[in-house]
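Both complexes below contain chain A, partnered by chain B and then by chain C.
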Partner chain A sequence: MKSPLMTKRRNQHFIWLGAVVVVAVLPLVFGDGYSQTVILTIGLYAIFGIGLQLTMGTGGILNMGHAAFIGIGAYSSAIVTTKGGNPWVGMLVGIVVAGVLAFVVGLPILRLRSLYLAIATLCVALAVTNVLGFWTALTGGQNGVTGIVPFSIGDFSFIDLPSQIYLIWGFLLVAVLIRINLRYSVVGREFEAIKDSDLATSSLGINHGARRLQIFVIGSVIGAVGGSLYATYLSAITPDLFGFPFLIQIFVLVALGGMVSLWGAPIGAIAVVCLHEFVIPVISGGNAGPVEIVIFGVILVIVMIFAPNGLTDQVVSTTRRLVKIARRRRNHDEPSSVTPASKKVAA
Partner chain B sequence: MDLAFFIQLFVTGVTTGAIYAAVAMGFVLVFRVTGILNFAQGELLMVGGMLIISFREAGWPLYAAIPVTIALVFLLGCAIYALALGPAIKRGTNISLLLITLGISQVLQGLAQIGWGSAPRYTGDFSPTAHPISVLSVSITTQSIWILGGVLVALGATYLVLERTGIGRALRASSIDPMMARLSGINVRMVSLIAFGAAGALAAVGGLLLAPVIGMTYATGSLIGVKGIAAAVIGGFGSIPGAIIGGIALGLLESLASLISTGLTTGISLLAVVIVLLILPNGILGGRRVKAAVGV
Partner chain C sequence: MSAPSVLVDAALEVHGITKSFGGNHVLRNVDMSVSPGSLHFLIGPNGAGKTTLFNVISGFIRADAGTVSLFGSDVTGERARKVARQGLARTFQNLQLFASLTVAENVLMALHGQMKGGLPRAMTGLFVSREENREYERAYEWLDRFGLAKYASSMPSDLSYGDRRLVEIIRAFASQPKVVLLDEPAAGLGLSARANLFDVLKELHAGNMTIVLIEHDMKFGMALADEVTVLDVGTRIAHGTPAQVQKDDAVIAAYLGKRSVADA
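Moving on to the complex of A and B:
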């Protein structure tokens, strides 16, 4: 007898395989440069979103510093490659720096409630952008870094758009796989339990502080990997890229995609990138900056009022409840038609 | 590096700190009553500054412009609670409520940029003099006297309202135990509304006093808002005297950090906050014992 969780997990892996096929075909279907840029940006944002989803949804930590961790990944890549290093080394440096910083910043969570961590991450975020902007010797100051070398394996270098799409979406699929496995493992279920009650889980011998710290580090490292990919795609970065408006975009992404939904980050990424690329230019008619800030702010407020766990999660849970009500009503009307045996077969 | 130089640094630090204290006080007021960390607080300061600049450009005298600005921002604070946080507070989680206030701060920033443009806006000192007043070779501008006096009056008024009026008693009761307050017939929603409004008014006082000192832009608020949170944290989140001391301490710290590097003052002071959080989670006024803040 298989547990429902096992079946669900296998289904998720089938979906994952399907996603691989779709990703392989996508750049072939959309041949022109603009569509490919959009697809690539969606992939990047989905990676950022998964990192934030892990810390916020799974870990229950309000991470205001995610944009800064992405920035750390990006700047590590940029600085290492412009100094003549290998891009993969740059990514590794980004992972280590972001991981260590997340660990140190996250330490208070072993003792404190999430609100304090929100403040601590916010302070770190602003401190990081401040340092990136003013440590001119290393980061180039407000002018940023240019001439970032793209990733390469052997002689093959990820320069043209389709190969970059494959690279970024490849990383995204790995991130999704990590997320699926985290959800359907013992650790994942521990997280579900921690979210319900700190007290009950600690009485079961789960160290919720340590678990939260782990998820915070993992989420930040995924952000840093995304940042590293972002930097090599843009090939030139400035500190402003990783400021507050960017953070809000990722928050909107997670708000639309749902805090815990496994496929929420890609869905949210599609929504945010489409809003940014297609909807907002039409509405604003030229003066995009402030209009975009207002629209994203309004979306964030409205979604969080009516769906505190995110739009996708809300839709899923509402649908599930409606289906359950409908089924119960049908069973109530004709109790003879559904015997326990036929129910088992149907299941 | 003589004594006068340090006194000069001290004066600058206390002046900046007074603004932070006003903002931090607003944070603490809202947090104590509703358990919400209102990220839009800094934007309320920015709106206050922008409004007084507009009123003065329109030729209003100070005695008209200042009360109208404070009243308008008070109403804006009430509106934020009534329209966004009030409906959300029942179903909301910590994260969703924080994201709502974050969204509001973005909306206010965007609207300010659309309405008032992106260029910094300036206004003259409230009582302009040809030279700063010089006391014992320490020069003090008249505006920094305005700031210190104004913040002192605002904090004193808040204290009087909290301690001596019925509304103040209701506010204090709701902050101690919302359920008991409701049982004893206090309209907690109304009290929360007033707390948001009062926080807005305090921010407005900070903003209108600061307007002549710096060029106000739509982005001024977010940084000062974060500093206000930082000040509240240093003072032990939730304590009103702590917010004032925390604000002054942060201002002094920044003015000392400017000795190292003027560009990095923000970074240094914010890292100091992280260190305070690590070592003294209850702030400099609290003990080392970790106390769960109410409603968090």
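Moving on to the complex of A and C:
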């Protein structure tokens, strides 16, 4: 018997190869600086999105603290590199700090459910942004940090846009790969199962608490990696970059791309960055900031009401259902050779 | 497993279980002893406390008093997942399948305990797929054994209610437990699905598995049972072989209005 598990993996290798090729040619096709900036930003936001998707979609944790973990990654890189440290060390410090904080904070608060958990994670986020804003000696306070050093390997520095795009999209592909692997693993299946029935998972001996904590740490660490890339790209950061408007952007990203769909984060990132770059400037007529947060807020509310699992997932599942209904009708109709036209329309 | 020095003569031993919700005394000093390899039939009118007793045994709720032990090891007050790891599996009165997993994956979930579920492996995708595929085949074999292989890749929602019940039961047995608790597996099934379930339980029981069965269909349960425990408003009113219990006065009184338990 051929296992469908195996087949699933095989199919993905294919998509995978395509994705790598697309990334490789992106900066070549879009030669101008502006397009490249947009592509780079999409890559960054997709990484942020994957982190949030993992905690919210996979782990079922209503996580309002994600922006803070991105901020931790960014500031770790900023602080380490401006004090003469290697950017890779900066990223590593970000990973460790974000991971440890997620673990320490997650241990008590992940016992909470839904809204209480949202409030708890929001408090964590506020605490972190306060530290970033007011621990002036370390973080530069409201003035932030400038002169963040870009990544390099040997003598090669990721300083121009195309090489930054390769770096960021390279990390994005790894993040997507981790996500896909997680979904089609023992662990990923357990997460799906926990969301469906925690009674049944308990009765099979599965430890929810540990799994939720793990996914919270993984999602937060991926956010921190994104933050580290973000900081080295900008070369200067301030604490308000990681505030509430930023969090809303990532929420909209996940809402549009889907909570669970494997390629949802890149799709959502394209949507958010395009809205931000092309749509909102036109609508707002030069007053983008306040208008954007209103528009994103409205989008978030609408999507959450009509497609709580995200727009992409909703479209996919609705299509699947329609196909299923259509197929069932067709099978049903087969015995009679002449099908009334009206029936076909209904299907 | 090192054999305990004391001779264990019960697979599942419930002693003095008492439980009340607020002022509502649901279980009063209940004893139940299930012999290894037997099918133990747990009966009682609606609200007698049968499901609550299952919840206490499987660690979903904590009793106010009393002890539960599995093959001689005390599991009183342990949490559900710990009790499961000690070899207790169960099904639920209201079906608990994983709706977003395929039928085969549902069964595969029961085999997770024996798989290497480490996070680094899961994230990198290394070394997992061979083991997973092997376990998947085992899950598939379980389905095949009960004629459900054709649904391996279907979603539970595509199956009839009876088949979904079967999948939940198969999932419970696939974890290779020492004791299985089945809470009204035949409820809501049509005649043919019921007959099919009967055969399935008979076969599983013949495999020397220890089973505790709650079921309102007396003929169904009595035909399978080796031992019976009868609860009524939280108290054990009778226990023994099917023949003994069916002619017990207290039992007949509890099922008032029915001439005998066998006709209930």
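We take it that the second predicted complex is superposed on the first by the 327 of 347 C-alpha atoms of A that agree within 3 Å, B and C clash if a C-alpha of one lies under 4 Å from a C-alpha of the other, contacts with A are read in each partner's own complex, and residues count from 1 in each chain.
We take it that a residue touches a chain if its C-beta (ideal position, glycine included) is under 8 Å from a C-beta of that chain, and two chains touch if they have at least 3 such contacts.
Quick caveat, the model's predicted, so the values are computed rather than measured.
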Superposition on chain A - do chain B and chain C clash or fit: fit
First, second, both or neither for A:Val301, with chain B first and chain C second: first
First, second, both or neither for A:Asn181, with chain B first and chain C second: second
Angle, in degrees and to the nearest 10, that opens at chain A between the C-alpha centres of chain B and chain C: 80
Partner chain(s) touched by A:Ala193 [first = chain B, second = chain C, both, neither]: second
Touching partner for A:Val105 - first (chain B), second (chain C), both, neither: first
Larger contact residue set on chain A - chain B or chain C: B
Touching partner for A:Ser203 - first (chain B), second (chain C), both, neither: second
Minimum C-alpha separation between chain B and chain C after superposing on chain A, in Å: 13
Chain A positions touched by chain B in one structure and by chain C in the second: none
Sites on chain A touched by chain C in the complex: 1, 3-6, 9, 177-178, 180-182, 184-190, 192-193, 195-197, 199-207, 214, 218
Chain C residues touching chain A - in the complex, by the definition given at the top: 58-60, 79-82, 84-85, 89-90, 92, 96-102, 104-105, 108-110, 112-113, 115-117, 119, 121-125, 128-129, 132-133, 136-137, 140, 152-153, 171-172, 175
Contacting residues of chain A [partner chain B, same complex]: 56, 60, 62, 105, 107-108, 111-116, 118-120, 122-124, 126-127, 130-131, 133-134, 244-245, 248, 251, 255, 259, 287, 289-294, 296-301, 304-305, 308-309
Chain B residues within the chain A interface of the complex: 37, 84, 87-88, 91-100, 102-107, 109-111, 113-114, 218, 222-223, 226, 229-230, 233, 237, 261, 263-264, 266-267, 270-271, 273-274, 277-278, 281, 290, 292-293, 296
